[in-house]
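Labels run A, B, C and D following the written order; every chain starts at residue 1.
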Amino acid sequence: MDKIKIGVIGTGRIGQMHVENLANMRDNFEVTAIADPYAPNLAELAQKYQIPHYTNDYEKVLADPQIQAVVIASATNTHATIIEAAAKQNKSIFCEKPLAEDVPQIKQLLQVVKDNGTCLQVGFNRRFDHNFKQIHDYVKAGQIGTPQIIKISSRDPEPPSIDYVKVSGGLFNDMMIHDFDMARYLSDSEVVEVNAQGAVLVNPEIGEVGDIDTAIVTLKFANGALGVIDNSRQAVYGYDQRAEVFGSKGQAVSTNDRLNNVELDQNENVQLSEIPFFFIERYQQAYRDEFQAFYEAVTKKQAPVVDGLDGLKAVEIARACDQSLKTHQAVKL
Amino acid sequence: MDKIKIGVIGTGRIGQMHVENLANMRDNFEVTAIADPYAPNLAELAQKYQIPHYTNDYEKVLADPQIQAVVIASATNTHATIIEAAAKQNKSIFCEKPLAEDVPQIKQLLQVVKDNGTCLQVGFNRRFDHNFKQIHDYVKAGQIGTPQIIKISSRDPEPPSIDYVKVSGGLFNDMMIHDFDMARYLSDSEVVEVNAQGAVLVNPEIGEVGDIDTAIVTLKFANGALGVIDNSRQAVYGYDQRAEVFGSKGQAVSTNDRLNNVELDQNENVQLSEIPFFFIERYQQAYRDEFQAFYEAVTKKQAPVVDGLDGLKAVEIARACDQSLKTHQAVKL
Amino acid sequence: MDKIKIGVIGTGRIGQMHVENLANMRDNFEVTAIADPYAPNLAELAQKYQIPHYTNDYEKVLADPQIQAVVIASATNTHATIIEAAAKQNKSIFCEKPLAEDVPQIKQLLQVVKDNGTCLQVGFNRRFDHNFKQIHDYVKAGQIGTPQIIKISSRDPEPPSIDYVKVSGGLFNDMMIHDFDMARYLSDSEVVEVNAQGAVLVNPEIGEVGDIDTAIVTLKFANGALGVIDNSRQAVYGYDQRAEVFGSKGQAVSTNDRLNNVELDQNENVQLSEIPFFFIERYQQAYRDEFQAFYEAVTKKQAPVVDGLDGLKAVEIARACDQSLKTHQAVKL
Amino acid sequence: MDKIKIGVIGTGRIGQMHVENLANMRDNFEVTAIADPYAPNLAELAQKYQIPHYTNDYEKVLADPQIQAVVIASATNTHATIIEAAAKQNKSIFCEKPLAEDVPQIKQLLQVVKDNGTCLQVGFNRRFDHNFKQIHDYVKAGQIGTPQIIKISSRDPEPPSIDYVKVSGGLFNDMMIHDFDMARYLSDSEVVEVNAQGAVLVNPEIGEVGDIDTAIVTLKFANGALGVIDNSRQAVYGYDQRAEVFGSKGQAVSTNDRLNNVELDQNENVQLSEIPFFFIERYQQAYRDEFQAFYEAVTKKQAPVVDGLDGLKAVEIARACDQSLKTHQAVKL
């Protein structure tokens, strides 16, 4: 199996990006179908990337015996149904996070995936970031010894619209979920307790619809390490994505990315380069590299780097934070 | 009053450093007496710095009408008594932290200081560090807008002896107390709630004597901001002292100091400079600058940059953390 | 004209990279033909990128009236002939550097290009590097005022084979030629005098075949600025590409790229990330962006960012350096 | 010999700084006399630092048998006479650079020093800078292998007055002389050839009085390495002092110092810390450390780190640059 024949279900912004990345990976993938119930530009998209089939009905993609794998980038509330259907068709599955909105539903779909022996990779793209992967690799290689303190800062350049906030599931499920996965990835351990602090400091309207825009969560890990994540919906200086792991033999620390390495020195002014605007720009290469990993997992029949359990764990931690914030108490997992 | 005639009480390691710094500030200070009940080298010290009087009895220093100010660097359990006696003699007072070991005692001595209208500066030297002072100044000047997230990392290069740990008062009172003061200094606000997580990850013996060696504490501030402090008794790469304040208009972030700005690039190896060993080396200039501030406060009859209330607040926060660690609950102040 | 139908002549290492980059720019380019006299994998390449025509005879590409533009990535000694032929067929031309090996030949081909009113862009890819372009943009925008000192460091990770060195034309023509173009690009001025120092410090065999492996060249510019370029055939720590421009209002300085922003701190060891291996890796995005600029130039009928005169000037400066090295004297241009 | 009894001749700005530094080094030095023909504040200075003797006649200092060493910080045209007189009195000598204004005079005084077996250290303070000393130490320890390229940037924050420029001896003798010494120090080799480029880009008046304000000099070293120094009389962003040594095993590179390690990130603005204003601020610690080295040399009867030959060589290189600039040709030493 040289190339994987793959279909992409859901061709919104992220789905289109996936189509382009897969189309450019000519040695590994052949995009043979795209599906979206609404997208008006399906035909155009198919033509641009020379994709033979396009349809409004994803079931046609799943029914195509030539298609070996699918990317699910449709609305979150459709993930569970499509994953289960794809698993039953023995397709390898790449699904955008979150797998589903509630924990029992995820557990059920994971059982279906397991029963069908299907490969399922979840779209936690940040694991493939050049900085975070390097920290993880140092930890894995024992370069920092036993992890003791894990710190993650994750701040968006601007808050989403209030309409989005209303349906987002809240900051922990919508935003910090990436950091929960990152905490597990960097620490190489499971989160066993959370303690959440939240505040509305960016936009009062976010508070009015029952959400927070600023949060600090402390974590305890199974291996004894402590952790802390901070989130803000608005860093006016730009998208801020940093992490550090401190351990018995040292620490690995990343600074935020900038677009270039030029420093401008003027009288009373120093200017460093701009920051990549948001996740699409910052994680551009990571979005490509997660498919390389998916290719390896599928062709070598290995466990994917981010599997269904990872998808489940992040949601469980988010739910525990919701509870901690409400009860003002630590919540064990 | 051009020069302040000053006496130094307690000539251990820190006391001697203070003597040297004061002796070098020839325009501002004249060290006219030193006192220590035990120090065998008092005469030698007096000769080296050309100090006219030395004694085993600090009361002689306080009784000298020519002496305008005293530095108290004696054992912690003597601070309260000496401060009160000095205040009654109308001496300006510079006292090493902590002011005393328990909150009621501190409150009482602050009352005595107040009743006598004496200047009292507490030795939170880190407020005078080039990095932390710069962050504070940016916050004060409104450069980062309203503070929203305050983060402080403070890690020692090596743990103290178990004998020291036993009498230290515990990590929060002995080590993180500096960071509690820093949190107040950087946020320009009061801490209203703490939530402490602790662990024994460096040395099991520290746990056996009832202390912790690794901790993460989250803070809530009166102005609504959230904060987090992490401490470790052992950073194998060296003394690590960093802080950042994030706000509505931006952030100010410091990296750790190194001894020089040289990068060595070799095949498969990059070497940056060493880190200043410990607090004496890292805060060398800060220890000098705190006396410059004391000079300004005394001669201009201004409130000192770090006053008795600051000394009290840090101890109160430490006590609250002790309680939070024990009860696994948030503690309000 | 939405998409440019383009042919690629020469499908060696660089030619193949150009094919891939053009194939991925689906909105702007359509690769309709590739040509190479020897390449055994032409058919395979055509299939991979879905290119309708492939041939051993580049004249067929030039004769195809549907093809609007060509990329010339063939052997240097074929450039002049192909450029002239392409110009006469009114193709827009993107040609790898150097345009030709000697100055009169370049002047002649530029005349042909001019007579035919054709767009000619030269492959000085470094102008599109994120760092160097930023410095250039700061200079252009007046941020550093009048340029006074231009400094460029350019060092390869490992020397080429002696066989390559023998036919390379020498360090100035083969390697520093990029920096001569960079000096003109960054200073926004012409080089009017050079003074070359060279040495054989890396590999004595390079000296035995009449070349140097280490060089420092000083430059004088028409606008009065001074400049200096240093080259080494071997930086054991990796490919080193830096520049700075100092002027009346400030300076813009770039540091070398690394693969990520992670710092590993251990006891007695600090590790920064690896450096991108060589030009293919370092200038990956620049190789893409130069085609974006070519697209703009062709479709908007603008002068290309790097034109034929730029190709000529760099060769002239290299020749002057050869002479300066030989005569131990400054050479005016 | 525990403490060196030392006299300071010349109590202008630099002389006073030396007095303070020596007075603070209580374990090593005892300043027993100061001399200056004009200084109106001699008595006050003596009182402040508790120096027993002060005089307008430096010969009295030299005649005092209790004084073991002298610091010469008087006007340059008095250096030779005082050095010779001090040498004849067997005083150890620390003399500010330059030793004298012309080469034969320096050679003569070095002979007198040699004949009297006296220790002579020259005030090239930059050798004691934390950055430059680190680079030197890496080179000495073989960490960069054989030096191949030495680069030094040295730029003042503002040009001196035209009156000063007139009597300065020119940029090479007044300013770049420090860098000539640095080039020898960092390369651990002798300069054998120079090639000087100069320009008037900062202030036309500097050109009118026959000097330059911007210069690039290339160097050849006895060990085969190449070097380059750039100077500007005006870096509007502040005093800029950097160096790098590139060799067969790697490179050591320093960035410029800043007052602290804080980065302020705002929307469309990033602010790094200020740069130390000028040499007094930047080399504050180096000015102290050069006396520590002097103490070691005198008490251990070792050759000083910067000796008379170093003082001679720097002047010789400056003279060669004057000639190269005039003749537009390389000048061999």
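Just a few scattered comments:
In the analysis below, a residue touches a chain if its C-beta (ideal position, glycine included) is under 8 Å from a C-beta of that chain, and two chains touch if they have at least 3 such contacts.
Nothing here was measured: the structure is a model prediction, and the numbers come from that model.
Contact with both chain A and chain B is made by C, D. Looking at B-C and B-D side by side, the one with more C-beta contacts is B-D.
Centroids of chain B and chain D (each the mean of its C-alpha atoms) stand 38 Å apart. Each chain gets a centre from the mean of its Cα atoms; for chain B and chain C, those two points are 57 Å apart.
Of all residues in chain D, those touching 2 or more other chains are 236-237, 249-251, 263, 265-267, 269, listed in ascending order. Chain contact summary for the complex, chain B toward chain C: residues 236-238, 263, 265-267, 269-272. Against chain A, the residues of chain B that register as touching in their complex are 145-146, 148-149, 151, 153, 155, 195, 197, 199, 201-202, 214-216, 218, 220, 224-228, 230, 232, 234-237, 240, 246, 248-251, 328-330. Across the complex, chain C is touched by residues 24, 26-27, 48-50, 130-131, 134-135, 138, 143-144, 249-257, 259-267, 269, 273 of chain A.
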